[in-house]
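Alright, structures below, take your time with them.
The same chain A turns up in both complexes below, where it pairs with chain B and then with chain C.
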Partner chain A sequence: MTEPQTLSLGDTAATDRAGRLRAVLSRRTEGRAVVLLAVVFVMALALEPLVFTAYEVTLGRVALIGLVALGLTAVILMGELDLSVASTLAVSGVVMASVPNIYAGIAAALVVGLLIGAVNAFFVVKIGINSFIATLGMLFVLRGLAFVLSGEQPVRLTNIEAGIAFGRPLVGPVSPRILLFVLVFIALQVFVTRMRVGREFYAVGGNRQAARDAGIPVDRRVFTGFMISGFVASLAGVINTLELTAADPTAGGTVLLASFAAAIIGGVALKGGRGSIVGTLLGALSLGTIEVGLTLSGVQVDIQQVFIGGVLLIAVITDPASLREATANFRLFRRREPEVQS
Partner chain B sequence: MNDSTPTATTAAEPEAAAPAPVDRSVAILVWVSQRGVFLFTATLIVFASVFVNGFASFVNLTDVFYRAAPIGIVAVGMTFVVISGNYLDLSVVAQVATSAVILIAVSNEYGIFPAVLAALLVAAVYGLVNGIAVGYFKANAVIVTLSTTYIGLGILRWLSGGSIFFGPEDGPIRALGQVEVLGLPLSAVVLVVMALLLAFMLDRTNFGFTIRAFGSNNEATRLAGVNTSRVVVGAFLLTSVAAMVAGFVLAAFSNTAVSTMADGFDFGALAAIIIGGTSVFGGRGSILRTLLGVIFVSVLTNVLVLSGVGFGWQQMAIGLLIVVAVSLDTIARKVATS
Partner chain C sequence: MRTTRRTLATTGFLLAAGLVVAGCGSDGDSTDTGSAEAGGEGSSYDVYALLPQGTDQPYGTTYLPPMEEEAEAQNIGLTITNSQYDADRQASDCQVAVAAQPDLIILWPAVGDTVRPCLEAADAAGIPVTVTNSDVNPEDKDLTAGYSGPDTYGQGASSAEIMCELADGEEIGILVVNGLTGNSTAINRRDGFVETVEADCPNVSILAEQPGDWNKDTSQTVTSEMLTSVGADNVQGIYAADDTMVAGAIDALKARDIDPEPLHITSIGNTELGNPLVISGELDGTVFQSSSWDGRNAVVVAGQVLNGEEVTEDLFMPSVKVTSENAEDPEVAPEW
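So, the complex of A and B:
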């Protein structure tokens, strides 16, 4: 990565080996994800090696969590939030299943995703609402829309054959779902690191005013980000519908937490400007492995949620910026205490 | 006290409109966005009592109160978190359900006082964990409370096994749930008392003043020598206590408790707060506004249900309301300041 964090490796503190290791683990965006992934892999090897034997299951789970997380990363990089991804997934699935022709349905679903992204961006950019509120409103609207369109019942796919064909692995364990996930990953990775428009996302998230002064069309970048997020969420909806051969208006309920968790564990900063697609992938890999590992060990779904919630909580408070705040706070306290007493 | 609340929040209006020759339409826009919720709630109630069959009956209005009370109590508590500029507390879903299940399940075994103590303990833990993570670690409130929701709900479902708990028919909880004061259910009285208490805290105490100051400009408040992290913890603790009370009310109402009984309270309460006109950027807002937002949303939902409108359309209406209310506010402020 070419973020400024890499520069700080040259600090005097980082010259000795321990300091260097600490710098890599805490400063580098993906540091915590690497640690978590290593811990998860070692524990899985020791306790439940089946995770790796049944890697098809694991990869499938990773792909579902990771896909939405990848789209979200594009938005969060600019310091915005998109809470509507789960509802977008549900609506696009329902739209797809409602169209008789499967290809037309997929196309319609993806167009719906892009449209939703554009509407979100319209409220954020043109009207200037906080993206958290705009996408919260859209969450309600889209959830309602999914219920209205589907008549509050799961919609069966007319062409069930296509759905079954979609579930079959192409080569080895690689099912179309995993293939699509990898393609989206590569596309976004290239977009964010190698293309000018994508690299400008970091500038927009780091300091919006500075980006504007430097001549970056900030509004257009935010539009692009939301459309990426909407498109990827609808793609996830299409995949979900194909695999279940039906569209459920309540689909995507658990996706919101898992996808945010994957991005944040991967080191994407919610304030924007820091994060990477690779980090999100690592986050999704560790979360998917935890989930499948716990399931195979016979741990109840409820306890799995406790685990993932705990991992997310630890991830968000061990963010380098958060840790700095906490230690600064502590110092402030110690300095202030005598003043209070005198 | 209620008189002072709107004047406090609308104090900025004359200032904004003061640079004399402001366009007439701008003035109207600002006025509507500031007072909109008062206007719309009154209009909706008049409209509903005239045109909607069965709205203005005593039975129906009591039902509206019953339904509005628990989410209203959560919303007035959460107003503190919103005014402090920390968006919301998603974990109220887990908190309300946990408090309800504890009240019924623990009092079945050990009596009502241990149950209340246990619920208080749980509320304190939630408030402290959320507050410390957001206040001291400056972590994003949405993500922190999202994770505590999952932890809390996971533990609750695991311990309760997802089963429904029933209180005894002749128990104290049943009795409390059936108490009526002046024809109003006790839950509505609790809502009003909580609202008065919290409005007093927000408008008349040092703590409330600091929360508002922190929400308006956290850096300035910190530089003024306020321990801002502790203020944030206070806001989250207050929300947790309100959520606990809401859980009690919910449990007493039906004399049953399940882990899923508070689903939708998180965004439902936030919707009421936002529609009431409290700014999600922090600083501006009042308990009275939240109360009006709650009344507006519950009356609207009731009208839609009475008119036979489905769940999907109800959700869409609430979503649109959020976006329209905030758009109006944002545009008005943009126009007024330019």
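So, the complex of A and C:
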């Protein structure tokens, strides 16, 4: 009996276990986010250790940035965009505060988020409008709606004490915001990695036609993704309104860009088909730590934005796809140089 | 595998380079802005100032230097944040401030209705809070140790008094351009203006009102839209909640070939934009707001509290009416 022949693939096939580990790691998209997070943590430890001793504050900032980013990731994985998340946050908060009964208000706000997600998906799937345009329009519509419903003024909760109680830590330093953020992370991580419906998001984002040909109900998946994004944005609006004891129709001003930044830093590709919920979490951790560290260091917010913009640019530049394209263009340029000189 | 190594190497190099530059930059910035970390060397007290604007707004740009000078004079280490009028961001900045355990917090509320949790957290941590520029709601005052700043309701009322004098009993219709929606200053100025007009000169009718968001271009757009909506011939006056917006409103009139001088136009601020308009006659009256007074006295009141004095009364900025009669006086020279 002959020995089974093994193809030699260089170092990758040197040992089975090492090779398998390398194969798994090479498929992960969170590499850059892990490196960035490590650098951020080291810098924070050296320059502003209060970021870690007051970790509940840092976690609160991470949850503020990351919650909407998690929901947004579900949409971006399918190659779509949802620019209406900040306005959804605002209008949901106003709806919640406008209802005298706090529990009914929360339910109403979450239903509003689901409806907004469904409307966005309707425009994208049934009408065929590009998601950037559709959700950009909804951004303005919903913001105007928030102003109309609130009478252009902040709307205070009927039960302010309930709101203040919500903002207090539950167990140790863990506040309801942090707890809900962790629960949403777990739920979405399980959804996109363990459930067929969630895993199909990658197929829809990777190659939509191939997904259709494979029998995946693409339209239904897009609806699901947008409704997840809308629901999570409305949940963020509920949390903000409870913690602040009032709904501000101008709320969410800094949420949209920060959420996209967290997802991109975490390795989520805007074209879809690549990225992970874990990556978004890592991106939010990095951004939150940077922001808190810079605030504690007394750095002005406009300088903070330079830092955050720089981190975002580095994340985009070091994206493997971008690097491959840049390398290919550089090689092409080098090959053409002798032709130009002659 | 080579791609992964290359990616990691490039990432690490760029990050290291960026962070070296950032480290140099942040050292320079802390010095340049005059702010210091909580616990800075040589400071008698450490104070956090939670502001909704800074060098991103004209008012903030001239508010900050006197604030920092006064802090230096009182040997106070000042850390300044800017939430850019985002209430959620300011709430998060407040959490950071409370965690830093300063001796006092100076708070300029982004949205007055949402600061109670911040005040309660500071109170629970034993950190006194003084308020600057935009006061908190009456039911939250017991959680604060003092206020300094403009009487924003009184500013609106003063501007309305100028309008009433100009109307002189005549039935006129006016447009109103308000500040940023939801902002305490915008709400108080609007209430002060509208209620004073209703009480003192009901002959003045408000035909339409829109928010100009403290922005000149937005104000020009909404004024133009209101002129279209109500009919330009029916408009005999305009009130804008600040000089930046009134400049936009006046531009809207000029764009329609409407001479602003016969109209009754009032605002608030007496800024570098508004004061020349008063001198030229295009703006009939404004109310002087001193950003330097505001910034300096934020620290004066904080210093009083830190030194154990009980601040029992609000320290209001004088609301001086500025018209063509006194617009060139040095006492009302514009600051921002």
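Of note:
Assume the second predicted complex is superposed on the first by the 307 of 342 C-alpha atoms of A that agree within 3 Å, B and C clash if a C-alpha of one lies under 4 Å from a C-alpha of the other, contacts with A are read in each partner's own complex, and residues count from 1 in each chain.
Please note the rule applied: a residue touches a chain if its C-beta (ideal position, glycine included) is under 8 Å from a C-beta of that chain, and two chains touch if they have at least 3 such contacts.
Given the structure is predicted, the values throughout are model-derived calculations rather than measurements.
Under the clash rule set out above, the superposition-derived model of chain A with chain B and chain C contains a clash between the two partners. With both structures placed on the common chain, the touch criterion links A:171 to neither chain B nor chain C.
In the superposed model, A:302 lies in contact with both chain B and chain C.
In the superposition on chain A, A:152 contacts both chain B and chain C.
After overlaying the two complexes on the shared chain, residue contacts for A:317 are found with chain B and with chain C alike.
By the document's definition of touching, of the two partners only chain B reaches A:143; chain C does not. In the superposition on chain A, A:81 makes contact with chain B only, while chain C stays out of contact range. Within the superposed three-chain model, A:32 lies in touch with chain C and out of touch with chain B [touch as defined at top]. Of the two partner chains, chain B is the only one touched by A:128; chain C is not.
When the two complexes are superposed via chain A, 220-228 is the only one of 148-156, 166-174, 220-228 or 238-246 in chain C with C-alpha atoms clashing against chain B. Chain A uses residues 147, 152, 249, 300, 302-303, 306, 310, 317, 323 to touch chain B in one structure and chain C in the other.
Those residues of chain A that touch chain C in the complex are listed here as 11-12, 22, 25-26, 31-32, 35-36, 39, 43, 47, 50, 54, 56-57, 60-61, 64, 147, 150, 152-154, 156, 160, 163-164, 167, 240, 243-246, 248-255, 292, 294-303, 306-307, 310-311, 314, 317-318, 320, 323-324.
Touching chain B in their complex are the following residues of chain A: 81, 123, 127-130, 132-134, 136-149, 152, 249, 256-257, 260-261, 264, 270, 300, 302-306, 308-310, 312-313, 316-317, 319, 321-323, 325-326, 329, 333, 336. On the chain C side of its complex with chain A, the touching residues are 1, 3-4, 6-8, 10-12, 14-16, 18-19, 22-23, 25-26, 29-30, 33, 35-38, 54-56, 79-89, 91-93, 95-96, 98-100, 111-114, 116-117, 120-121, 180-182, 187, 211.
Taken in their complex, chain B has these residues touching chain A: 87, 129, 133, 136-140, 142-144, 146-155, 157-158, 227, 229, 267, 270-271, 274, 280-281, 310-323, 326-327, 330-331, 334.
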